[in-house]
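One chain, chain A, appears in both complexes that follow, with chain B as partner in the first and chain C in the second.
Entry: the complex of A and B
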């Protein structure tokens, strides 16, 4: 009896292949979306880690030569033998590529590029050069190149011996000082008087900024999970609705309830596995397509040497299959309960029409209001990450639950206002369909809101980040000197030759008993044009220049509660008003900024030892400074290069995220298509009387299209505020809870208009097939409705 | 001794050891093989043997301060060759690394260093004897009178050592067999050092005196795949005699045991497989694993039946290749002191 019963259950899919496709396809797409997001998240992290590798090179103190640009191996050995834990770095330019030689044996854990050596199974590839695929193309064939995706663009890393023999040079470029030094060591001057110590460079630490972006991408991953669950739930729910009659018949024929439940569970488990597996494969394809640098072409170019081509990770696959199973279980459990409770001779008619009516919609409305009120309360009090994600959940689920009710209300209003019978019927008929469409509508609402939210978040992030880089890395060249005389000579040299010289004096101070750093600036076009403030009085730079005001960073403002209008005491007889607050992303310490001359008054013994210079040709200025002033190569940092390298890395992730947006919409469109297709069959009896009254099938079909468009428009109208609220929560609540500073939120109307267009297109595309079927419904089928009526 | 270090080296994450050794037959890879009849030629054999793939200078000492507190120190310099051919400067395939530790009854300090050969950062010269890596060193006019230095971020020591007895050769003429399949190494010890000096600890310097044991070993052969780890003892009894004994644990639960009984005069007898019995008696949880910190050692031939207790059960070496190593006290038929090292406890 088991086999015939299973056969009977399965026969439903034979007779309704489209529905089978809907369930499998829905599961597969939801799983694929989840896997794709996982892959992109992983890729984003890898990109940022690579960026941090370039930008974070300055996180260690360094030893560099006082003159010239190399350190002898003898000096290195003398330092090590004296108990100085330092590790050598050799750097050479090979065209546009920086070839970095490191000593994996003494490099600190986490040092730029060290992981490249260790990732290679467990062998130390001391003859290889590691670079990403793009950089590898530009390197010489003489080198044994291993493609390693997490190495930053424009950088190649190898063992020091490889770089030395390739560059035919013996010296070392600089020595990195390891963080944990032994108990005793002699002074540097006693061991290597020709070297000087450079403090860790603090201008380029963007780690916190990128952590914030990771967090937001994780939130996006969770959203796509929820959208996926909705789709699975909707597809399976509809399939069960249609099998109520079959279940009744089987029960009547004597199939025991328990066995029936087991059979259904097994059947759905198998379907979930098939859908999930397809989804994982699809997700892999999506990720491979979306990640331009990971596309499989590498394999062909580099043969067996390629490592790290988008790997099929067990973790995505497992999480994808788990999603499919969990989503199916979630959708099926309620239905199984219904079957279990169904009286033996209950009507086998579909209940789709009475779903979400009466009691049910009241509960739904109550829940939605409760969740949205909770979200509003949480928005006011949230100060932890946990509450932040709770707020997100309340907001999204509340909005999704409220949406079908709002649409229903809206159609009621439209119906009342319509002056023409056809229009009134159109709205009434739309409203009647809402219960059947509600899950698909919720999925679309969530997808569109997530897209609006993520687009806002990503674009705001990009604006902020680019602005931050422009602001902090505006001077193309950074210079370091050692003494007051050198400082004055350098400033004179630069000013005499018409360069905009930006001395950067700094001193440690106390602000209301808390440590902070005081910076002096030479107010000029660079600061006026590039700095963006979180809050400011009009023209703050003029006040700073006159010594009548100071600028503080956001960290100081938040920590001490000092904002524009408050004043800061710099000396007993000198308190200045704050004229602007500047976002200082990724910097943990407090800063106050005053004019160069005021700084010199306050700290006459602290000359500027660092300078920024504006120049269109950093390379020749470098050469000139070496020749004319004897500056060491190591004392000059080309910020323009660092800036363009990091921008390029970030840009890659933004593109990937944009592509993902389109994908999410596609999946939501699929949910609508499947709902409409399922409803189309059930709706024939509803359409037959209208047709009989003289409305042509063509007109009916056009009205169906119009319905899809108007529903999509309603979805977008609701998604815009929900999406913006989502972005606001991510940027100003979750980020502050996680990192203590806020990312400014910008609005992007053009992007939203584009998204609106995509939403309408997705709805129209989804409606085209059911509309086509309606156009081709034979009149006989419509007539039959009347003959069937009793 | 230190059979385990052959294994440890195999696990080193960024030395080509896994590839270098996994396919190693008796004649492959170009490294020299231990020879049963080779014997030793001093002072040259105190220096490095770069044609063998692995080698170490391994010193442990039991110390006591004036107030009677017991301490232990370890100083080990390892040499490993990534490939048999030689190359000058940075391209040298010789890799050096070292471990230093101080164990007190309730604290354990460790430090680790790495260096490559060819540039002078680390090395060993036979005569006058000089072994160094960074500022750590073991050196003196001869192998019998040495100065010892090492330090980490929170500890350091400076010691002088004077040998009171002769060198001891393990196995037949220093050819020490490590497994039933015949894996072996060249192995000799100087177990008769008197040692004194200063420990620098966070609470301040401490003057200490005691005895030290220096092991020299080199080989190119790995252990069998099935050998998981080992338990190695160097014990000095109040009677003046000494014992070096170890067991290598197999994945099937079996063990291979071996050792050397050393008389006060320095005369030694090799203990064949099976004569020494080592039984764990009490276990301790450290760094997330359980390790036996009390042992019963029995050697019926010499009427020896002793209980060996760790001075500090938390003497875990949390270095790149973690293991347990620390001073022990001995009670029973032959009271005394010594050192214990244990590896392969996951």
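Entry: the complex of A and C
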């Protein structure tokens, strides 16, 4: 009994291939988007790791030789024996490539390239050198190179012994001091007097910034999956509606209800598996296309073992298929319930048109209003991540539910306003179609909103990130000295030669009993031009310069509730007003910034040991400083290089996200196409009377096209506020809940205009095929409507 | 005795209250016997037929099929009864639109696991459907579709064929031909047949006739 019954159920798809395609395609696209976002997230993470690798090298205190370039292994061993937790680094230049030897066992977590070793599944590759594809090309064939995408450009990482034997050198270049040291340890001077300690530099640690970006991307991954689910839901709904008669016939022929439910569940399970599998493959393809670096040809090109982001990961595949199954189960469960409750003798006629009317739309409207009100309330009180996502859910579901009702109302108004009979019919007819199109409309609304949200978020993120790098890495060269005399000499040397010298004295202080770091700055064009504030009085730098105000970072402001206008006590007799709050995305600690001279007043014993320098030619200044002042090479950091490397890495992620955006819109276009196609059969009887009354098929077809455009325009009009609200929630609510700081939101009207154009184009493209079919409907088919009326 | 109704009652709930439709109906049908059920529109003929076919349940009284009480059986058991003992032919044709004519004819027999290709061929020939087997139902005329429904019902070799105005949707001429073919095949297979009809002429072609009025058989 099972086989013929299953066959009869499945034959529906055979006879209605477009519906089948809609279900499979919807599932596949939903899954593909999910997987694609996962892949891109993984790629982005790898990029950030690479960026952090470049930035992170300077984030630890280090020991370097006072003279010469090498540290003896004996010194290293003596330090370890004495309880100093240090890890050795050997650096060797090979052309343009910096070959970095590290000790994977003792290097701190997150240290440059350490992840390269950990990512290797064959645990520990002692003899390999890790570099990205571009760098690998320029490296010597002698080395056993493994291509690892998340290693920064121009950097190759290997075990310390590999670098030592390649460089034919025995000594060590530097020792990194691990963050957590024993409480007591002998003085450095006693154990290794030939070494000096270099303090960690104040560069940007972008980890928090990127975590925030991932959180948002993941939210959008979920969203694109939901968009896909709408397609599945509407296609499955239609298929079930059309098979009501079949279900009843099968039961009257003796198929028990239970058996029928099992059959339908099995049928949909099989379909979900097919769609999910296709989706995983498609997602893999999308990711591979979007991440050109990951072309599978790497292996052949470089003769190097390829590893890295675009492995086919079982975890994506599993999560993709699980989502496809869960989504289908969600879409089907309601339908199964309907079958179970459907009386055997009920009318087998399709109720598709009755469904969305009356009570149902009242409940829908009520739900939508309730959800939107909850969203508004949550927006006011949300302070946890959980509530943040609750807020997102309320906002999106509420907007989606409200939308078809609003469109219906709008068409009613248009109909009443129209003076021409054809136009009035056009709007009335549009309204009649809304129940059938409502799921597709919701999908399009969500897709376009998500697009607006993504565009806003990504672009805001980019502006913030670039601004932040500009601010923190503005001085091209970053220098470090050891003594007060050296400090004064360096400052004089730079100033005499017309360089903008930016001394950076720092001291640990207390602000209202909480630890904070006080920084002194030499106010000048670099600060005035590059610093972007979250809040400020007009011209804050002048007040800072004159010692009449100070700047705090966002962390301090939020932690202590001190904002612009409040004042901070720096000394018993000195309380200064806060003149600006600066966003600080690379640093969890509180900071206050005053002028150089005020700093010297407050902490006369603390000379600036770090300097930033503005120069167009960092390389020659570097050489000059070594020659004239005897600065060690490793006391100078080329920040311009770091900045351009980081920017390039981020640029890749942004491009990928933009491509993903277009894809989401494509999916929504697909949803409309499928809805229109599946509705096409029902359209013929609706259009036949109008045709009989003398409207040409051409005219009808044009009106159908006009309908698609007007609906798309309505969608965009609604999506703009929803999308902006979405971005706002992510940037200012979810992010604050997750990380304690807020990403500023910027608006990008040009991008929105582009999106509006895309939306209209997607709708027109989706409508073209059904309209073409209508144009080609033979008059006989239209006539049949009248003869078929029983 | 194949089918027996004992004091069967049935009423429906309505906004205006309870409408009694069957008020104690009793009759018996022997194997191989043919029976016409007549009565005014709304007199409860279809309701009686649905109860006999296990599609609907009686409020009280009992319905026995081959001596076994079928009213009150769970869905599973009723489905089994329909699969193996009873076939139904309705006024609307209830074909599966996504299956070809041939697949539709084989469908019920296949569900019951009693598919006999030679017998199906015989039915197809007798009903003149041989040229239409690979078509889909939607392109057939009403008379052809009803022949497909009849072939489907008989291919399962039921002991009892229940038909509710099987020719009600057909013109008089076609109706007569389809009915004659159906009755000939019923006699061939030795199935019992209970048929609801408005037409005294059709009722006259069946072995026995019952008239339903005010919820009672007269």
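Note that the second predicted complex is superposed on the first by the 740 of 790 C-alpha atoms of A that agree within 3 Å, B and C clash if a C-alpha of one lies under 4 Å from a C-alpha of the other, contacts with A are read in each partner's own complex, and residues count from 1 in each chain.
Criterion: contacts are C-beta pairs under 8 Å (C-beta built on N, C-alpha and C of every residue); 3 or more make two chains touch, one makes a residue touch a chain.
A quick note: this is a predicted structure, and the numbers were derived from the prediction, not measured.
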{"item": "A:254 touches, of chain B and chain C: first, second, both or neither?", "value": "second"}
{"item": "Chain B versus chain C as contact partner of A:8, first or second or both or neither", "value": "second"}
{"item": "Partner chain in contact with A:507 - chain B first, chain C second, else both or neither", "value": "neither"}
{"item": "Touched partner set for A:16, first chain B, second chain C, both or neither", "value": "second"}
{"item": "First, second, both or neither for A:423, with chain B first and chain C second", "value": "neither"}
{"item": "First, second, both or neither for A:376, with chain B first and chain C second", "value": "neither"}
{"item": "Complex interface listing, chain A residues touching chain C", "value": "1, 3-5, 7-8, 11-12, 14-16, 245-246, 248-259, 344-345, 348, 790"}
{"item": "In the complex with chain A, residue positions of chain C that touch it", "value": "50, 53, 55-56, 75-76, 79-84, 88, 94-99, 103, 106-108, 110-113, 136, 169"}
{"item": "Chain A partner contacts - residues on chain B that touch it in the complex", "value": "12-19, 82, 89-91, 95, 97, 111, 114-116, 119-121, 132, 134-135, 151-156, 200"}
{"item": "Partner chain B, residues of chain A touching it in the complex", "value": "73, 76-77, 80-83, 85, 103-106, 117-118, 121-124, 126, 159-161, 164-165, 180-185"}
